[in-house]
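Structures are listed in the sections that come next.
Both of the next two complexes hold subunit A, though its partner changes from subunit B to subunit C.
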Partner chain A sequence: MSLLSQAVVSGVLAGGLYAMMSLGMSLSWGVLKVINLAQFSFILLSAYFTYQLTVSLGIDPFLSILVCVPLFGLAGMALQWVFNRIRISEFESLLFTFGLFIILESLAATVWTADFRRLSTEQNPYVSESIWIGSIALPVPQLAAFVAAILVAFGVRHLLRNTHFGRAVRALAQDRDVAVAFGVDNGKVSMQLAGLAAGFSALAGVFIAMSRAIFPGLAVEWFGIVFSVVILGGLGSTLGTLIAAVIIGVVGAVATVWGGPPMAPLAVFLVLIATLLFRPEGILGAARRDT
Partner chain B sequence: MNIHRARRRPTGSLTGAIALLAVLALVLAACGGDGTADTTAAASPGTTTDGGTETTAGGTETSTGGEEAAGDPIVIGSTLALSGPLAPTAAIHKVAGDLFVEQLNANGGLLGRPVEWVVLDDESVADQAASLYERLITEDQVDLIMGPYGTGAITAAMQVAERYGYLMAQHTGSLTYAFNYGCQFPAWPTGRYPNVTNPELVFDALEATGNPPETMAFVINQFPGTMFVAYGYPDSGDAQDAQGAVSIAQERGYDVVLDVQFPLTIDDWGPIAAQVRDADPDFVYLGGLGVDAPNLIAAMDALDYQPAGMFVQWPAPGPVLGAGESAEGVLSVTAFEAHPPFTDDPENAQIAATFEEAATEAGITYAEMETQASASWAAWQTLVAAVEGAGTLDNEAACDYLVNNTIETIFGETSYGTEENNYYGDLSYVKQVQDGDWWVVYPEEFAAPDHAIEYSPEG
Partner chain C sequence: MRLRPAAAATVVLAVALWFVPEFADGFPIFYLLFAYNVFFWIAQASSWNLFTGSSGYFSFGQGAYYGVGVYTVGVLVAKRGWPLLPTFVVAGILGALLGLFIGLIVFRLRKLRGEIFALMTLAVAFVMGAVARVSSTIDGGQGIPLSGVELPQALGDFPAMIFRLGLIVATLAVLAAQVLHHSRLGWGLFAIRDDEAVAENLGVPTFRFKMMALGISAFLASLSGAVHSLQISYVTIEDVFNIRVPLLVILMSILGGTRHWMGPVVGALVVYTLNDRLNAAGLQDVSDLIVGGLLIFMIVAVKEGLYLRARQRPLRAAIGFAVGIGPPIVLGLTDSAITVMAYGLLGAVLLLMLPVTAPVEEAVPVHG
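The block that comes next holds the complex of A and B.
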């Protein structure tokens, strides 16, 4: 029972990290209609920045959030400015950002080489620290990612439901042309949202650097899990993204314990397929309008 | 409703932007990739030795009579996983190959001619490696080939080499039972049956402490090589292939309390760590590679669990050390470490020192010469010895030379024999993390000075 409980908790917390990695993509795709693969690059580069800041300056890796989130938020805004300028379509955005993804991956390989980079336990003591609830361990980096994912998911939900900015975003998501006709500043609002999305990806990168080794090819490994979470949760739904990520994390963890680790992807994709059979729009896909 | 667009869509700009980005992406992706080759050549062949045509232990001091390398370059083609999941380790092979070719050219080249190494990026994909070797041989018509990195790529490339009769020296292919091409020459001294000799070595080392474990947990990466060492390959028809670390442990009387496999890449180590903690073995045998070890160690640390002992098959050495105190005592196997007695030979010491310098310059985090770099070096030595020995670029003649002669590599005298797929014996040693660094600790005669294996089931 202890093993299963620990596996479930581990899966829930892993789900938090998956959610953090997926929130930017979900907002970008669901609301801005941009399938922004550069979000993966933001995660990767943010992880590298966290590594470099911690190694070079000796700072606490958590403090790199103060650098990475605003920096990549600005990068996201700049990228959205380009998208707005060229009025990019959904499909075009996939091609465009795939190119950008390749460029940024190559850039990372040039700067940090293809070698593994991993913060040592001396630089990153959190990697081996846990908070205990009885006999159940909650590893600190994963717990931090989970808490951040909850705050972001509910924070964005509140923002979109209860603020003028949120109403503008929802209007754009429903019908961009009509929203613009009614005075919504598409350029400004979409750039702000893109900045938020990129900032969330950067936050995920900080947690990645704190919990595992990084190398340039790592970002490709996230495609499957992130797209599964985004589609299962429902495009643009932050709460749906969080729920989907936790489901995927728990299903994967329980399958690991019961059937062995190779069963995890099988179980996850079975759940994904089964869910989409009954809810093609995703868990909270119908709630796209209020995210 | 007819809605006026706020701005006319500048389709020309979009097309231009995407085209520009696509070109940039292709150029960058192809840097060293399948479109553009990364080459190392004789920029300025320097000094020569006057040792006739004999290949020395260092392997780089080959010469053909004391003359500077001259004439058209000899082109050696290969792929490496310059991108993708195998890239972190392939980067070591790139540094070793670059350095070897540079030194080779500085010492008279090959058969008196400068050498140019053309490296293509197989992106860690075996099929890609096969098609690139096909291209190197048929279109680029390279004179010689060098093996790629990664068992999958090596297996794929070997089929191409066999089809065209090219000699293929290879660094670290681990499916020894499958490599039956007579002109493939494995540099990594694992022996034909690493599935037997490797576990035997590790268990011998544990038993040499006088206080071996009673219970063991096996956590095995589903990478073909680690699966072979852990479980053997019963389908080959060779009885020795059917054994593996798990069955050998059971034969030796160890109680296997956990036997779990995991995919090549895994995001969440928590559930596996929980299973190990639940089994609470005296010893964890991690059939892992790359960063599996530090990932599992961190996940076990988070559960406040440290096994009394742990072995990892083929780790990236640097990240293991990064795990700090928790990595103390971790065991692994190696073919070479940059400390005595391996560096007692001044030439080996020089190679190790030069490699460390080059690897540091290339940004490799763990720059010391160990298994990967030494196997890479030995592969190059093998290729050069074959050509120098045969005195020709004819691949068949070079292959015959290796089969019928003894050569010297960084691992010592090497005699290839086709009866065991050209594997010439397991020269593995057990190394251990002690005081924050790797040291060979077993067998005793190869242990670093003042180092011996440390293990107790009590932790």
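The block that comes next holds the complex of A and C.
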């Protein structure tokens, strides 16, 4: 029983990381109508940057957030600028970013090789630290990712609901042409949102570097999980993404305890299929989708 | 059904190619194997385009169908001793069932069908890998040795046999694409691609047509994968259910052009040849960079693909090819005909990619 409760707890925490990874994808797809597979590259590269900064400069891995988030935020804005320039359609964006994903993965493999890279315990003391609640361990990197995901999700929710920027974003999400006709600066707002989305991915990358070994092929393995979270959560819904990520995390963790690691993607996929069959609008449904 | 010139030409060419191994004595075996690989990619790219090019539903799932084909031979022939040729058909059917299963779930959605189909197929190869890993009847994470598979003797020695099997599957795939192009099914799919809601209102049975095309496409992809398994000596999950097959197939079709059945054929020839030469030159590391870069470039700049460009500008293609094969011939690099061809194709591709200066007809946006 304690094995199961530990699995549920680690699943919830993993869900925090999944939410961080999926928020950028969900916002970009739901609002900007850009299916941005380069988000996965941002996560991967941010993880590698964190690894490299920590190893080369000996800094605390948390500090690399200050480098990675602005850096990839700018990269995301630059990419959105290009998309705006060429007026990319949703499908073209999928292909374009697929090409970009392949290029960036191949670059990562060239620079850091295909070997596993893991921060040593001296460089990354957090990896072995846990906060104990009774007999249940909460590993610090996962806990940090979980807390960050909650802060970010509610932060974005607040931003989208209560600010001028948020109203502009929601207007664009509902009907871009009408929003533009009413004076929303599509170029500016979309670039800001793309930068935000890329920043979330970079943040996820930092936490990944802190909690596990990284290698270039890792990014492909995220496709299934992130896609499931985004669909289950409902496109562009921050709260939905958070809840969906926790569900997916728990399902994956319990399936791993029950049937070994390869069971996790199967269980997640079953959740995805069930979602598509019974709840295609996401768990919160269409009515509650005011981001 | 009327026999169209393109179909007749395809059949004639296929029959002629069938007898090539007879005259290939003293010819390096390497050429037959190279040709087989071109056939394999033509079959894969054509099968992908048969569904995606006509319906507009974008699939990343080629690797899953291909993998089902490889693993069907691995499990039924290598492990259980089934005869090879009937298993090919079983492999095709299993692939088709996987395609239909995905279609059944996604095509019933009312919104975002296209996007969800694309991402679902992206995830499905990974899930198939997980299924193979969990089930010890399939793989169990060990991999399956395929070198002991008994080969049919009637088709000649190994290079001739694989050449002929590849030829059959590629011909089937190309013929299927041609027939589809001029059939009710094809027209219905084109209507779906242009505007699914309108097509539905005009009475196109959209769900049925999409399922039919997806089934045919997955059948061919899986069949081709089953044949390809004969070239693999030891199959592992990582080698099969990865992103390379969908990536290359997408690039081939986009490069050649998704709007015509010749597009994937041209694309498969160009991409496989250049990739093979890059690998032979020890430049595997840059090949992914080139593949990704080409994909982006084609989407932004040459949406109609190289085949339609070359038809518009045959002179450009010919000059490019001539300029391409010039330097290797002058420099005496003629020991491999494939290298010379690669340079020729590269020249033609680069020249065709230059911006076109005919603004009037190009100003019309390409839909879909």
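Going forward, the second predicted complex is superposed on the first by the 283 of 291 C-alpha atoms of A that agree within 3 Å, B and C clash if a C-alpha of one lies under 4 Å from a C-alpha of the other, contacts with A are read in each partner's own complex, and residues count from 1 in each chain.
Just so it is clear, a contact is a pair of C-beta atoms (placed from the backbone, for glycine too) under 8 Å apart; a residue touches a chain by one contact, two chains touch by 3 or more.
Keep in mind the model is a prediction, meaning the values are calculated, not measured.
With both complexes brought onto subunit A, simultaneous placement of subunit B and subunit C is prevented by a clash. Of the two partner chains, subunit B is the only one that A:Gly249 touches; subunit C does not reach it.
In the superposed pair of complexes, A:Glu90 makes contact with subunit C only, with no contact to subunit B.
By the touch criterion stated above, A:Leu3 is placed in contact with subunit B alone, subunit C being left untouched. Counting the residues of subunit A that each partner touches, subunit B and subunit C differ, and the larger count belongs to B. Contacts of A:Leu100 after superposition: both subunit B and subunit C are touched. Once the two complexes are overlaid on the shared chain, A:Phe215 sits against subunit B while remaining clear of subunit C. By the touch criterion defined above, A:Leu151 lies against neither subunit B nor subunit C after alignment on the C-alpha atoms of chain A.
In the superposition on chain A, contact of A:Leu235 is made with subunit C only, not with subunit B. Contact with subunit C, but none with subunit B, is seen for A:Trp29 once the two complexes are overlaid on the shared chain.
Once the two complexes are laid over each other on the shared chain, residue contacts for A:Phe227 go to subunit C alone; subunit B is not touched. Once the two complexes are overlaid on chain A, the subunit A residues touched by subunit B in the first and by subunit C in the second are 86, 92, 95-96, 98-100, 102-103, 105-107, 109, 220-221, 260, 262, 264-265. Of all residues in subunit C, only 56, 58, 60, 105-106, 108-112, 114-116, 118-120, 122-123, 126-127, 130-131, 133-134, 141, 242-243, 247, 250, 254, 285, 288-289, 291-296, 299-300 touch subunit A in the complex they form.
Listing the residues of subunit B that touch subunit A in their complex gives 1, 3-7, 9-10, 13-14, 17-18, 21-22, 24-25, 28-29, 31, 82-85, 87-88, 90-91, 124, 222, 260-263, 265-268, 270-272, 274-275, 277-278, 290-291, 294-295, 298-299, 301-304, 316, 318-319, 321-326, 362-365. Within the complex, the subunit A residues that touch subunit B are 2-3, 6-7, 9-11, 13-14, 18, 82, 85-88, 92, 95-96, 98-100, 102-103, 105-107, 109, 112-122, 127-130, 132, 137, 139-140, 142, 177-178, 180-181, 186, 211-213, 215-217, 220-221, 225, 249, 252-254, 256-257, 260-262, 264-265. Per the touch definition, subunit A reaches subunit C in the complex via residues 29, 35, 86, 90-92, 94-96, 98-103, 105-107, 109-110, 220-221, 223-224, 227-228, 231, 235, 259-260, 262-266, 269, 272-273, 276-277, 280-281.
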